[in-house]
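The same subunit A turns up in both complexes below, where it pairs with subunit B and then with subunit C.
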Partner chain A sequence: MKKQGRGMASIMFGFGYGEGFPDHSIAEVEITKDKRIKVRTAGADLGQGFLTTMTQIAAEVLKIDPSYIEIVGQDTHKAKNSGSTSATRQTFFSGNAVREAAEEVMGKIYHYGSLYFNSNHPELTVKDGELYACDECEKITYWELAEIVEQRGKELKAEATFFPKTYAPDRKTGQGEKIYVAYTFMTQVMDIEVDTDTGLIEVMNVYTALDVGRAINPQNVHGQIEGGTVQGLGMAMMEDQVIEEGITINADMTNYLVPSIQDIPNFESTLIENNDSGGPFGSKGVGEPTIIGASPALSNAVYDAIGVRIKSLPITPEKILNALEEKK
Partner chain B sequence: MKKQSINVKNKLGTSGKDSDKYFRPESKEELKKILEDYTDELTVIAGGTDLLVANYKNLYKIEKWLDLNWLDSFKEIKIFDDKVEIGSMVTHERLDKLDQIKEHFPVIQKAAADVGSPQIRSRGTIGGNIVTSSPAGDLLPTLLVYDAKLKIISKDGERIVDANDFFTGPKQNVLGDGELVEKIILPLEENKSKGAWVKVGKRKALVISSISLALNLVFDNDNKIKDARICVGSAAPVPLRIEKAEQSLKNKKIKKVNIAEIAQIVSDEISPIDDIRGTAEYRRKVAYNITKSALQEVINQ
Partner chain C sequence: MSKKYVGKDVLKVDAQDKVTGEAQYPSDLKFEDYLHVKIKRATYPHAILRDLDVSKAKQVEGVVDILTEKDYPDLNKFGLIIKDQPVLIKVGEKMRFMGDALAIIIAETEEAALKARDKIEVEVEKLEVMSNPQRALEKDAPTIHNDIGDLCTNYIDPDVGKQNILMDHHLEKGDVDKGFEEADFIVENEYQTQHIDQLPIQNEAGYALYDESNDVIKIWAASQWLHDTQADVAQAMNLPKEKVRIIQTAIGGAFGKKEDVSVHLHLALAARHTKRPVKLVYTREESMISQSKRHPLTIKAKTGVTNDGYLTAWEVKVIGDAGAYASSSPAVVHKGMYHCTGPYNVQNVRGDSYAVYTNNTYGGAMRGFGTTQMAFAYESQIDIIAHKLDMDPAQFRYQNAYDIGSTTPNGQKLGKSVNLKRTIESATDLAQWEGEISE
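So, the complex of A and B:
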């Protein structure tokens, strides 16, 4: 028999290393004569969209089409430290460093532009990689300006470091001034079906509301929600390291199961964008927060479906059948 | 003296001596010659979905390969008045997609659709599934409920073996050195039959079954069960026919069958073990439940 259930979980996730750890990112932005804007950062893209996000941030600040942006690095020989791609931190930390470096460069564009036009800053306008002395009048491209600046022995280039201070929580109370740079919030509701013949769970629908501050790239954020939740469902339903006499007996992808494409539920997600964090454009990290709601939401849905609380992960078919039997 | 059995065509595009160890006959005559020359030295490859995984780290140790992929006659499906012959090199993909299989042997079609992933179904073969002889082989219970016979060939001739007598233990069977399964012979039933297939695995695709069940009931003209076959996979050293349950189904109208009693017999008769895909206890419970649901499915058909 199939029994339906619905479960909900809400999470908050403090991201970055936090707790007083000297977590930081350094980035450099340079406008070059060959019509490129080079962003140097050592941050690694593991498929989560780091390169896209940094490109968008630099392009947004510098008011230019993203196709001109070139990310150089992913390598500490070519760029300075951007910290690890972990702890849900790159958009916030490296994003802030890129934003600040780009703002420094924008300051230089205005500075050298005003010298070139012999005008005041308020009269200058920037649009699509060009600097105007006033509306519809004299203009100069970033690349031309870079060449002029170079003749002065200077560069349209700047480096910035984002190095926020955090504090360790009190050991007794767990309270603290600012333990993490910001928190991401998420609520998930899951609809499931439990097969009482086999103990198998099918996740039908996942509804997500994610407070991400601001989605730099909404499609990427939806991808993170779906990918993270599926990983979380793997933890909730399948992933199980089986050790016998000190040896892991399922150290391969045939026997250590993660969800297949066939196991993926329908997703419906809403992004809450209050632009309320200290991240670039008010954004917050979205990696790990999307994983941790799956287990509690699923376990609540199981309780709703069959009236039994399963208190260990993964929630295997065996556990479901045993619990159903005990309930009788 | 070294025997010269390698087809010169095989050498095209290869270098070194590797091709000396690789044979790919294109006719039964060529196959017979190779079997005569190298009978006990050959490792047979069909789709490779089991063999290559099992030998992933020591393929170099394989002395001589016999590749059946160029034998077109092994890929044929022939339909006669009273039987269907399926070549051992027919893939799961074809079993899944062919209308004739769906029409005459729906339980085989459903099991073939449940094998692994699209990639595995397009490479893996019915013969490979049989010869690997895993208790979890998805097609095996379905062959047993259709009373399949296997045509086995070797350099010395051929023999026919009941699929039910073929499997002797986990990954063990009656094949001797230099014997190959050439085709699977499935009798065509004159009477109406109804079947069901249940595969239980911990995810929906690319999963080795925790337990599986194939059911086939043949009805006589009075709508009584003339013949009943139930076979359970992944619950004993071999795919296991539950003859006691079959006997108690026979000569009854389906609506008169005590489903719970049959399910209990199936649950009692299997001999499951604890492993990574489920405990013995779990398998007995699920065997009971899926026997009930499979019988119910047939009643509803």
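So, the complex of A and C:
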């Protein structure tokens, strides 16, 4: 018999390394004569969209189409430390470093632009890669300005470091003033169907509300919600590297089960955007939080459906059938 | 505050390259005249290496050389936080899990390297294999690492054996005993999570090349943190950082698994030794056995509740299976504990967490870093309590939810961007949740 259930989970995640670790990102932004804006960062894009996020941040600050932005420096000898792409930190850390470096460059655009046009700063308009002192006046491009600046022996280039402070917790009590730079919150509701004959669970719908501060790229945030949740469902229902007496007995993808396309539920999601966090444009990190709600939401839905509480993961058909048997 | 590019669905800048196959993953790189590297790994999960004979293996046609610890007696151990993992196991010393490397086989073809690997003869003296952290915590359990300095505090439960505890952490906020006294009832449960592989589609892989002109080893391999991998490789080989250059490739997923050194060190040694390009690609089996896992956590959670649905105290005991080497364990297990109450107001919190060495594949970073496991425990507790109270689980969460000014289990006061209640309102709206929510 198939039984429906609904479960909920709310979670929090303190991001960045925290705990007083010297967590920081360094980035550099440069306008070059070859009509490019180079953003130098060693940050790794694992597929989630780091490079795109940095591109959008630089484009926004420098008021230019993202197609002009080029991310360079994916090399220990070509860029300085950007910290790891982990701990849900890159949008917040490298994003702030890129934003600051881009703002420095914007300051230089105004400085050298106002010298060129012999105007004061407020009179200058900077837009779509061009600057001008009045609507009908001469316009020069960023690239032309880069050339002019080069003749002065200077560059339209700036480096910035984002280095917020956290504090190490007390070893005995774990207490501290600021352990993590900030927290991300999320609530999920999950609808499932449990087959009481086979013990199989089908996840039907996942409803998510994620407190993101601000989504730099909403589509990619939705991608994180869906990808994170599906990965979390693997933890909830199937994934288990079985190590017996030190030996892994399922070190292959035949016997180690992960969700596949047919396991993916319907998603409906809302992004809570109050622009109220310390990341660029009020954003905060979302990478890890999106996996965290899935296993408890599923477990709570299983209880709602069939009245049994499974306290060990993964919640396999075997565990469901055993629990139903015990309940009889 | 409308923005032109921020807040817009700008297409991923690397999407086209990935879709068309232009993106260069490690195996897509092209090098002339490169050599194949394979690793001979441990033959038993906990044993002293008594003999390692590569003589027959070296005779396999196409084998260029086989490197063992004898060739590099001065290498330092490596690791993300604590340097406890040997690059190659020395004869007379211990292998601690099935992923430990015994020899680096370098050959003209992959077939020759694999054939030679099968001909390496290994003699071991077996030790007790500790696969269960509960066993590793017993006072008579053998010690897995004899040479790691004592990183523990004095706050460890005196009834447990300390010899395999990598690190312990503790929480003490408010007055927990009083909090439990104030409770109308207490809910206590034990939760268990499992070993999980991050399972990125792309296994660990890379090339390396030694540039004799400037004495720099170049490594093309994915890393979640280029400069940290560089530093770890350099210190293990006693080199200045500048002599190790790591060039990022396209990354086929990571989820925490590409934080630790994997192919990098063995490639660096092989490249410098042969002065030819070298390539090492892990199989899925090798990746699963020798690189980090999500830690199984055993979580005992005890929660005090009033009849009107408020939380008076929360206590957890967390045991994390760190496996054979430290990796991210000194940060993961207690990060889980630091999230033990979930996003709910609890004035009195106590906790102990132990990261415990075993002979399993080591635990490391994986999406959520301990807090994913902990959420299974706290959100199960919350749901169980809501049902005991016969209260709507959404309402129960809402009335205990963090707000501006709430304090976390660490006593960190949340000053801004705490929109948990909005997420409960929005998610229940989307789901057309039955029942009203109010303060």
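Note that the second predicted complex is superposed on the first by the 319 of 328 C-alpha atoms of A that agree within 3 Å, B and C clash if a C-alpha of one lies under 4 Å from a C-alpha of the other, contacts with A are read in each partner's own complex, and residues count from 1 in each chain.
What we mean here is this: a contact is a pair of C-beta atoms (placed from the backbone, for glycine too) under 8 Å apart; a residue touches a chain by one contact, two chains touch by 3 or more.
Predicted model, so just to flag it, every value in this text is computed and none were measured.
Three-chain overlay on subunit A, with subunit B and subunit C fitting side by side and no clash.
Contact with neither subunit B nor subunit C is seen for A:102 once the two complexes are overlaid on the shared chain.
Looking at the shared chain after the overlay, A:39 reaches neither subunit B nor subunit C. After overlaying the two complexes on the shared chain, residue contacts for A:13 are found with subunit C alone; subunit B is out of touch. By the touch criterion stated above, A:200 is placed in contact with subunit B alone, subunit C being left untouched. Between subunit B and subunit C, more residues of subunit A are touched by C. When the two complexes are overlaid on their common chain A, residue A:238 makes contact with subunit B while staying clear of subunit C.
Contact with subunit C, but none with subunit B, is seen for A:87 once the two complexes are overlaid on the shared chain. In the overlay built on the shared chain, the residue A:76 is in contact with subunit C alone; subunit B does not reach it. Of all Cα pairs spanning subunit B and subunit C in the superposition, the closest are 8 Å apart. Shared contact residues of subunit A, touching subunit B in one structure and subunit C in the other: 242. Looking at the complex, you find that subunit C touches subunit A at residues 1, 3-14, 44-46, 97-98, 129, 131, 153, 155, 169-173, 189-197, 199-200, 222-228, 230, 241-242, 244-248, 251-256, 258-259, 284-285, 288-289, 293-294, 331, 334-335, 337-339, 342-343, 351, 358-361, 365, 367-369, 371-372, 375-376, 378-380, 382-384, 387, 393-394, 397, 401-402, 408-412, 414, 416-420, 422-431, 433.
Here subunit A touches subunit B in the complex through residues 196-200, 237-238, 242, 249-250, 254-255, 257, 259-263, 316-318, 321, 325, going by the rule given at the top.
Only residues 53, 117, 200, 202-208, 210, 276-279, 281-282, 285-286, 289-290, 292-293 of subunit B touch subunit A when the two sit together in their complex. Interface residues of subunit A, counted against subunit C in their complex, comprise 6-14, 17, 19, 42, 44-47, 49, 51-52, 55-57, 59-60, 63, 65-66, 69, 71, 74-77, 80-87, 169, 171-180, 182-183, 185-189, 191, 205, 207-211, 213-220, 228, 231-232, 234-235, 239-248, 251-253, 256, 258, 268-270, 272, 274-278, 280-281, 284, 287-289, 291-293, 295-297, 299-300, 303, 309, 311-314.
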